[in-house]
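Below are structures written as structure tokens.
Two complexes, one shared chain (chain A), two partners (chain B, chain C).
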Partner chain A sequence: MRKMNFVTLSMMLFFLLFIGSWYFVIVAENASLSELFTEKNASHAAEFFKGLIGVGEDNNAFLSKTSWKQALGLTRETLQMSMMAIGFSTIVMFLTVIPAARNVADGTLTLSQKWHSWLSYGLIRASYVVSRAIPELVWAMIVIFIFKPGILPGAIALALHNFGILGKLCAEAIEDSDSRPVRNLAAAGASKTQILLYGVLPAVLPQFLTYILYRWEVIMRTTIVVGMVGAGGLGQQFKLNMSFFHYTEVSLLLVCYLILVFIADFISERSRSFVK
Partner chain B sequence: MAQETMIELNRISKHYGRKIALSSLSFVINKGEHVAVIGPSGAGKTSMLNILASMLPADDGEILVDGKPLDSYCDRKSRAQKIGMVRQQFDLVPQLAVIHNVLAGRLSDWSLWKSVLSLLIPQDKGRAIEALDRVGLSDKVFERTSSLSGGEQQRVALARLLVQDPEIILADEPVASLDPARAEDILKMLTRIAAEENQTLVASLHSVDYALKYFSRVIALKDGKLFFDRPVSEVSDTLLAELYSLEGNSQK
Partner chain C sequence: MMNFELHKRKILTFILLLAFVWSLLPVDWDKGLLHAGGLAMAGQIFEAALHPDFSPDMIMLALESAWITLAYATAGMSLALVLAFFLGLLASGILAPGNKSRRWLKRIFRGVLSFMRAIHELVWALIFVASFGLTPYAAIFALAIPYGGMLGRIFAEMLEDVPAEPIQALKMTGASAWQCIFYGYLPIVRAGIISYSMYRFECSVRSSAIMSFIGLGGLGYQIQLSLDDLAYSQMWTFLFFLILLVVIIDGWSTLLRRRLGS
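Right, the complex of A and B next:
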């Protein structure tokens, strides 16, 4: 009975909010939906999309050899940037992930605990949080402010954001791993490093690889965003062409970008099914 | 034959909070003996074995292994040469090939560099294959351990013990998750290996039948105390009935 009352109350509140907000939009703000679909807006949109496919453009980028050459060069640069980014973040993740796992810090996994375990655990986990919390766009702005624009700062920015994500995911993979084989290795006299090599890594590596490939896919898609703030690659050129109204160049870049994303998806999907 | 003392427990106690796992447990096991530890669930069998394997500290009492206190085997190498442990099959690394799981018994002897190299090119391969041959798995050397059946995985664990070659084998419910035929097979193999290598064997078991069939001496624990400790021939049905009876305070 009480639950019924709660549901009806929230339904009534919902309708009240719905009516109230539309009243505000239409009466108080004097907004009109029909204004969105005016002749002017329609012709602007038509012009833009016609421009994208090359109707009425003087220099059609699809037919120009130099444009293709430039676009493909930028595609290669973008690919490079994403590879560098995932490479950097993977290296840093591997260096930090083991002390960042809770079961390593409290000693249940490796059966040895040192006083500094919790300290390094806290520091590394905090760095993961900072790295994750700041979006790659902001990282890119900061890094480009320090370095000059190019694909290296773009890669660094992407790596800075993704290492926190990878670190967290992989540390959790270690936390979920089975401690029974590890205990037995310890009983057979294996050292801490040997335990990691024989007991922990084989169990978590397939998962690590899945995460790394997935983040690489995401990074590939984000390169265009960090490119817009000057990190090089397709994104930077995309923004420049937009501001110069080179519409066919824009669509050419979009085509290259789509091909890149398809390739990345294909590669990571195939290698993931190979790992499984 | 001169009886050489291998394990000596002296008033060992262990409690978790207010729950008593072991209270003042004492017994002596001689070199080469095959001892089965039986008792109802929660009697302290696993705690006792874990304390013997120095994976769990005892609250009170002392343990002598081969005449020296257990604490003196503090470095991993000398401990691994003295004591080896086998549990249920979940203690192998399922993702590794069988040979690596067997060679894990050599880790205490190996340098870090050698153990890294071994993951690429198995080291001491002959020894591992010989051990697998003895447990009848010479055809599965490079198979993924997770693809093996429960009984086969337990044989891999035995092969690892062969490679480790400790003087004492502790077995904690080694056949608990196997069907009767596999269980008998594993126990037969375990006791045969221990006899051939002149090893001391201490195994905790759920099944009294297996204890009477494959071991020479039975130690029964109840509520963390020694209930009886005698050769197999002197274990009577009335004693066993009393051991597993549900009224905890009907004796002693």
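Right, the complex of A and C next:
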């Protein structure tokens, strides 16, 4: 009975939130839907989309060799940025994931509990929450203050957001894994690194690879966004061309971006079924 | 056989490592990666996290912008759910009468859904702002389209995994296609849909926060303003509110998932 009550309560709460937010958008923000579809907006939109496909533009980017060259170079840069980002977050994840698993912290997995294991568990989990809760774009805005512009700050911003997600997913994979082989290793006197290499890793590697590839897919989609605040790649050029009203360049970059995203989806899906 | 399986994993791991090394090549590691004074800047930023600005004015401003962020996220999510329901239903192919039409229906609507989610919400937002102007609807539609695509795909997959027996039982008793959907498919996928939507709701709050990057109000806008003013302690106030908002929704969805799962 209580089980149903919580679900019903949640639904009611969500409904209230729904009413509240639409009320806020329509009444308090005074945004009317009919105003969107005025003739003025329609002509603006038509002009914009015509610009995108290159009607009435003087120099069409799709026909220009230099534009293609630049776009392809940026595509490669963006690809490298995404790989760097997933690489960094995987490294940080591997360094932190063992103490972040609940069954390591309470000693059921490694058969030994030290006074600091709950402390490191709490600290690492808290860092995961902070990293996950702050969007990539905000990380990028902060990181760009510290690093020189280029693809490195973009990769670092993406990694900062994704290591929390990856860490949480992988820690949960360790918690769900079969603990008996690992306990056996621990009982035989294996050290922390040996436990990681010979006990945990072989058992959870397929799961980890799935998560890493899945996050790489998501990172690929997000690279364009961190680029917009100046972290290099397709996004930076996209934003610049948008401000210069070079609409055919914008659509060329969008096409490159879409192809990249679809290729990433394809590769990640293929390699996931390869190791399954 | 087992051995070969293990080798496959090693091969993939090795390829991924090579790709990572290749990606590190274009960075100029020698020339200094930080701005002059970048390290001091980093110190200031992270030192400010220890004493965020919690004066009453800031708290009120942060609460107001948190509400705007939440409101846009909720409005966007509700539209996304409607989109996902209809598109997911079509993409699952359960409405199609024959095998051939089912295959075509699936192919077309899966393509639509993957196009919707391939473009990031912020890019949709820029496109909408360029064609509609700066209204909250630009943010709401920009959230609704990619999230509708993600939810729709999962919804379609769940509908396809529904076992055939209960549906056939319904059909035997003379239920129409819509009755099959409402009394057969939907009750079976309900729990899965709710927990996945809650997870995506958490993501949409984050996305709605960054919508402010294009100039709409909310937490992200305030974060950007305080970064522009180099007011790091104010920035951390807003960041802590964002973290709090995400943690609350995350906790809510974990509780809900646990209740639905067990």
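Basically, the second predicted complex is superposed on the first by the 225 of 276 C-alpha atoms of A that agree within 3 Å, B and C clash if a C-alpha of one lies under 4 Å from a C-alpha of the other, contacts with A are read in each partner's own complex, and residues count from 1 in each chain.
The rule is short, and it goes like this: a residue touches a chain if its C-beta (ideal position, glycine included) is under 8 Å from a C-beta of that chain, and two chains touch if they have at least 3 such contacts.
These numbers come from a predicted model, not from an experiment.
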item: Chain B versus chain C as contact partner of A:W22, first or second or both or neither; value: second
item: Chain B or chain C, by number of chain A residues touched; value: C
item: Chain B versus chain C as contact partner of A:I146, first or second or both or neither; value: second
item: Chain B versus chain C as contact partner of A:N41, first or second or both or neither; value: second
item: Which of chain B and chain C A:M12 touches, first, second, both or neither; value: neither
item: Partner chain(s) touched by A:P206 [first = chain B, second = chain C, both, neither]; value: both
item: First, second, both or neither for A:M242, with chain B first and chain C second; value: second
item: Touched partner set for A:L185, first chain B, second chain C, both or neither; value: first
item: Touching partner for A:I263 - first (chain B), second (chain C), both, neither; value: neither
item: Overlap of chain C and chain B interfaces on chain A (superposed complexes); value: 202, 205-206
item: Complex interface listing, chain B residues touching chain A; value: 53, 55, 76-77, 79-81, 83-85, 87, 90-96, 100, 104-105, 107-108, 110, 112, 115-116, 119, 160, 164
item: Touching residues (chain side chain C, partner chain A) in the complex; value: 6, 8-9, 12-13, 16, 19-20, 22-28, 32-35, 38-39, 41-42, 45, 67-68, 70-75, 78, 114-115, 118-120, 122-123, 126-127, 130-133, 135-137, 140, 194, 206-207, 209-210, 213, 220, 223-224, 227, 239, 242-243, 246-247, 252, 255-256, 259-260, 262
item: Interface residues, chain A side, partner chain B - complex; value: 111, 178, 180-181, 183-191, 193-194, 197-199, 202-203, 205-206
item: In the complex, chain A residues that touch chain C; value: 3, 6-7, 10, 14, 17-18, 20-22, 24-25, 29, 31, 33, 35-36, 41, 44-45, 48-49, 77, 79-84, 86-87, 129-130, 132-135, 137-138, 141-142, 145-148, 150-152, 155, 202, 205-206, 209, 212, 221-222, 224-225, 228-229, 238, 242, 254, 257-258, 261-262, 265, 271, 274-275
